[in-house]
């Protein structure tokens, strides 16, 4: 099941490989079908998921079964190392509360992305092959429970992304692409060292061999005491934690490492921005939850405070930067930096409320930001500019668009009744309840105001008031005597057309529904999160 | 589930229904579906009237309270806390049922009124949809039984106010105003949110009941300072919503919205929500917090009143008077005159709504002329409006026989009592400010009445092409109101559907609705049904130390010996006995007692003040004994100070707005320049190495975004110079390498 | 002063010679092949057909048979300790024959040969000769044998480098190669002479025992070792003995560049490992020898310098061949990491890395040749927009480059993985080396990606966008290489087991 | 005293060979003419030879002699190849100045 959902896009990619590149429509349809099938599978997995099982660590008897679900565990590579026994790598997939939501999100966003890729005209074949490769890799990262496998998927994501930004991107795409590639690679290569170190430090309780299994690694008792990353080796454990954390923080992106994001977003085509903001950023925080924290709980507890501070910096710093942007897409990019800050803050809280909030925020940010980028893409398609001051008074002429934008914007600023609010609220509840991050939370609350500030300000400048004299569109008086606007060289529907609605409305419904009744998602999370909090809590540590 | 609960939920959801219907289908419906809005609100009002009747009239019990809740979010078995749920629920007690009736009634009237006022607007249907969602969220606040849901609806109210203020979003001023309103509210909200968090972090629940119970049981883990902070922070929410100083600035600007909206949201209901909220959390407020609240209220009341006297825009005068009156209510809560404050809330809601709708009628009739200087003599043309407006004005000014008189005097009495109890001194400032504001109120209302209704029409005096007037063309353009000739002959009485609300509201601002005795609201049903709850923060109450023994209100009455206890109070006590779920503390007892004692003092002083105010207005505007222009010039600084609203807008703009924009620009500069790898610096640095300019590739620099780029490049550039292409140099290198290591090894061998 | 051997002794000598020949069959076979090619060239002079190349291929392929048979033979030394046969040597025999085959194949693909050279005859013969030489390098256990085999390789390499006689760059490369090679091998011989002087032995194993038992003057020892290292370092092209390689790699015919960068480098490593594992005296711990000469720091210096230098300087290259030359320097550094670890795992990692390097580097050069055939240029700027015009080649090249960077799911990644595993398993002391390796591989990403960047992200200057078609065999070969690179990247068990089984070295006592 | 003059010790050989090595390297580094450079290489090899012979004389055993023989052979072969290449160079560059042939660089 999980293998299928992971490799469907790649299969689609191979099919596309066979299609002559002139058959653009077929190519699109093939990948759309793949994405939809992925969605169906995601729904099946969701229905079949039993929220009672915690995940995170191994179940009874050290085996993943009974704790993880939809487990697929096949020996993949087993080779002899001279004098070091054997290197065992497993093809090990499985989901728990942490990954299931991300799986669903990924399936959803991938499908949306395919729809939004319809407008791509240049080298369609290559585009969709890379796109499907990317989709597979993302999905794989979320379901992989073997560190090696995870790492493979993780790295496989980079290259397609590089090309998708670099070939189909904006004017400054080369720079953005290579920057993205180098930045993320810089983060991930060190992960490789940590991975190896962990391998030599952990033994599988069942087989007794060294193992890459994240499940085994999440149980501190499986560590060899004086191995390089064993409990005795405090210094290297800290180093490893920091290295891993930076690796993931670059993906998040966390404050000092975030500068690749605005460039990448501004240059990337709309669907790629959607994928990037919707799924890729989550991989950073997911990695932290899945790998970084449970493997080094004591370091995590020592570092909660720092992580929280970085979260607060992200929130406020991102908000301020967004406030200053003139390019709408750049503003949205910074807004997602700000919003990922909430995730970091929630994680730093280290209690259930905070972590649930963080994960829920990951999900919501996925849907909401996807919406934002799609909406930005809509106006960019029409006006070929994203400069905020090039618009004004759009609400009069594009009411549906304006309405959707309003909903999305308010969702992004955390209005109650829309999903973003609940996650942010939970994050704050958690962060404030934990003594460690209480004061950080009190500072971060400012983010709420400034978040509202930049969103409302851009809303006002673009949609309210009158048309600006140097706007990117002309006013023409239609035959019915009313004023209409006309974009230069845009002959499509002025307001949203069917495809765009098909992309936006589902996201919007999800946002509203989850804002009113969050349990469908939260219900899957809570058991695992409570388990995770237990793993991270000192009580468990004292047992090892 | 109690039947009233079911009904209340229906009431809550009906307006939402109307919102959903209208937002999606208004263009398909006849008359853009306004009848749906009105009809649904009518139903809602009918139901809440029934609730009101069965709660207040049938079960005549001060302690009446029924609640129901359900699990909204289930966080499972949280380590360290145990099973943790976040619940949502509704509570119905006297206050709720009164508020329900009030909100739905005013909302209904505004709906009705709007069918006339907004007729022909191109977004007519959307307007009613927005009214619907506002009513929904307002009712949500009223019904909530826990802090979290209150916060949710709080924000939703903010949203709907945002939407309605910016209803004429083509107007730049409107767009600005709506943003300002939302942001100002958010500032208050984060305070409120932090307050909520403080309480939650201790008890892991949002429910009022459980929080109060835990507090009463002394389970609060943090210091009393935190508790006071929690109180003040929660109060910040009220500061935002109820436009208290220093966050009052948004309310006057909010008058950019349609006038009925101003009546509904910015006079009667939403701004009252703050006061309502403070009343809800009254029991967790420590004395220090209450002092802060009292002073805030006093300052607000006074400041707004001083501003109101010089405003020329008819709606702005009313706006500032609203701020001022809200100040009264907050003051009342602060001083512990709990019932009085809420009483004033209700009375004020009616007469202020009446005033706004009246002004709306005037503006409507004057073709969107809002400047009082160009009105005058309207009483002949608009008798109904004149009558109702005047009645409401008297209520606002607080003349006897009006509702306003009773409520305001109750508050002032409480203030005096409070000052006495707190041992005088600085605390007397509060009643003093209160009384002074009362005088100012009387003055500016008198001024308004006179300028608008009396004298001769001054429309012709209006300077041609006044920018103020031009600003309204945009709005006027959307009003397909039939007659379009701009002279006073066009002025005529408004149609029935706008007149009826005026009449109803005016009626509701007469004393007998509330109390048989025109001089004492305390005898009325309201004051009896709404009683001061006992605080639950005893151990945080420095005045009563660790007094934790339950004291029923009967002993409280016993502690009120000398002044004649009105007969009705016995019944009040009986009711209190029944609902003796709470225990009082001495401080409350003393304040209430002193309040009763000061009852008549308050009446005398305030009546004098009011008369002073009115007579002053007469002196100035009727008998022209004092010429306002001359006076204005004489005391120009003061005049300007008041005219420019104490320059708050300017101050905020200069400090917060400019400041944060500056910070934002600095940070984004920092982001693109410094954080982004000092890319520019590196680039220039590297370019300065002229000798390695050949094949310099900026991507290398920008690509490895940090100093590594720099070092990597330069080293690369330098190293590659070793590759001279001369084979003999290579050999030399080889020898040097060998020799170098040899020497290195030698040194190591020696030392 | 020398007494002549008695008859009995001569009998014994002859007997052992006869015995030894049995261990020597593949080399003999290849030598026969070598001569056969010359004869065929004489016979088939002037006729333009692939007769020679086909024979070479078949011949080389045939040699597998004989090499395979040697698995049956016991590991041991023969020809009076001149020469050994062990798994280690066999590994390299396969390796070199395979690389010979690949060299021939890509030579056939290179169209430059038609224009540059009249007769291709001795070219293949020389390739065979080089194969023989390298095989002997990998198997020799005596200083003399080492010297001879190295010179055999070097001479053939000089000639092949200068094979385009009328091409200035080729000739210049040959000259530089010659001078540099001659000097460093001369120094190496001098070092040999000193070692001989110290130990009176030329056999590695005897040397080791001699040094271990009698001790030595550390000064002379380090001096001679440095000189020897100069010779080896020149073969593996490690900093600071690398200077010849960029020029030679750029100037030489591309197939030879590929061949040198893979095969002769590998041969150098074979030699290095054999020499340092066997000849250098070991105390209890590796490299903790009797008088505390730390070879470790010496090799670490080499490898770190190579990794940093190679990658950093490569950032500036505009010529793809030259870029790959620098990258090969860097890879020498990574390979040295494996040797530094100095245990079975390290050896395994090194051998594995050699295999991966073999695949991806040949692949890269093959694509370079294909592109050069069409565009006639090796400058990165001329690669603009080729991705659209040569989709398969572009994709393949990207895969090979990614593998060279060391990103999954390619073979190069596994190679790096094993090297770093060896380092980390060795202990935290070696973590820093791993850090450096990682850092430099990040840097390497940049210049490797320059090529796909030009191929895909930039539009070609000339506007004709028609696809350039390579021949079908070329495409198939390319696809095979690419798929292998990815396949072994995902399922690398056979390769690594092969490497492990091959890490057994005769006379090696350290593990 | 006198014995030391008459008997030639190992050191003498080694000194000579060291000098030869030095000269050889000097020639390789400084001379412009390719032929002279190659002669320098020959000097280096011969320095090694002297070492081998001396060592084999003083250590006993024939390995040194063998080595020397092979080195001579190799040197001859090297010379042959070198000359071929140099001639080719001369044909192309019309000069055998080693230091001037540096078109491949950086």
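Here the chain labels run A, B, C and D in written order, and each chain numbers its own residues starting at 1.
Following the convention adopted for this analysis, contacts are C-beta pairs under 8 Å (C-beta built on N, C-alpha and C of every residue); 3 or more make two chains touch, one makes a residue touch a chain.
The shown structure was predicted, so the numbers you read here are calculated from the model rather than taken from an experiment.
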Those chains which touch chain D and also touch chain B: C
A-C against B-C, pair bridged by the larger set of C-beta contacts: A-C
Chain nearest the global centroid, as defined over all protein CA atoms shown: A
From chain B, the most remote chain by mean C-alpha position: D
Cα-centroid distance, chain A relative to chain C, in whole angstrom: 44
Distance between chain centroids, defined by C-alpha means - chain B, chain C (Å): 79
Rounded Å distance, chain A centre to chain D centre (Cα mean): 67
For chain A paired with chain B, centre-to-centre distance based on mean C-alpha positions, whole Å: 37
Where chain C touches two or more other chains, by residue: 175-176, 179, 183, 187, 246-247, 316, 446
Touching two or more other chains - residue numbers and ranges from chain B: 699, 703-704, 720, 723, 725, 727-728, 731
For chain D, residues that touch 2 or more chains besides their own: 25, 28, 37, 98, 101, 103-106
Chains grouped in pairs wherever the two touch, ordered by label: A-B, A-C, B-C, B-D, C-D
Contacting residues of chain D [partner chain B, same complex]: 25, 28-30, 37, 98-99, 101-106
Complex interface listing, chain B residues touching chain A: 72-81, 84, 148, 151-153, 155-156, 159, 166, 169-172, 174-176, 179, 182-183, 186-187, 189-190, 193-194, 197-198, 200-201, 204, 660-661, 663-665, 667-668, 671, 675-677, 699, 702-705
Chain B-touching residues of chain C, taken from the complex the two chains share: 175-176, 179-180, 183-184, 187, 218-219, 222-223, 226-227, 229-230, 234, 240-241, 243-244, 246-247, 293, 298, 301, 308-309, 312-316, 318, 443, 446
Interface residues, chain C side, partner chain D - complex: 1-2, 143-144, 147-148, 151, 155, 158-159, 162, 165-166, 168-169, 171-176, 178-179, 182-183, 186-187, 189-190, 192-194, 196-197, 200-202, 246-247, 250-251, 316
List of chain B residues in touch with chain C within their complex: 695, 697, 699-700, 703-704, 708, 712-713, 715-717, 719-720, 722-723, 725, 727-731, 733-734, 736-738, 741-742, 745-746, 749
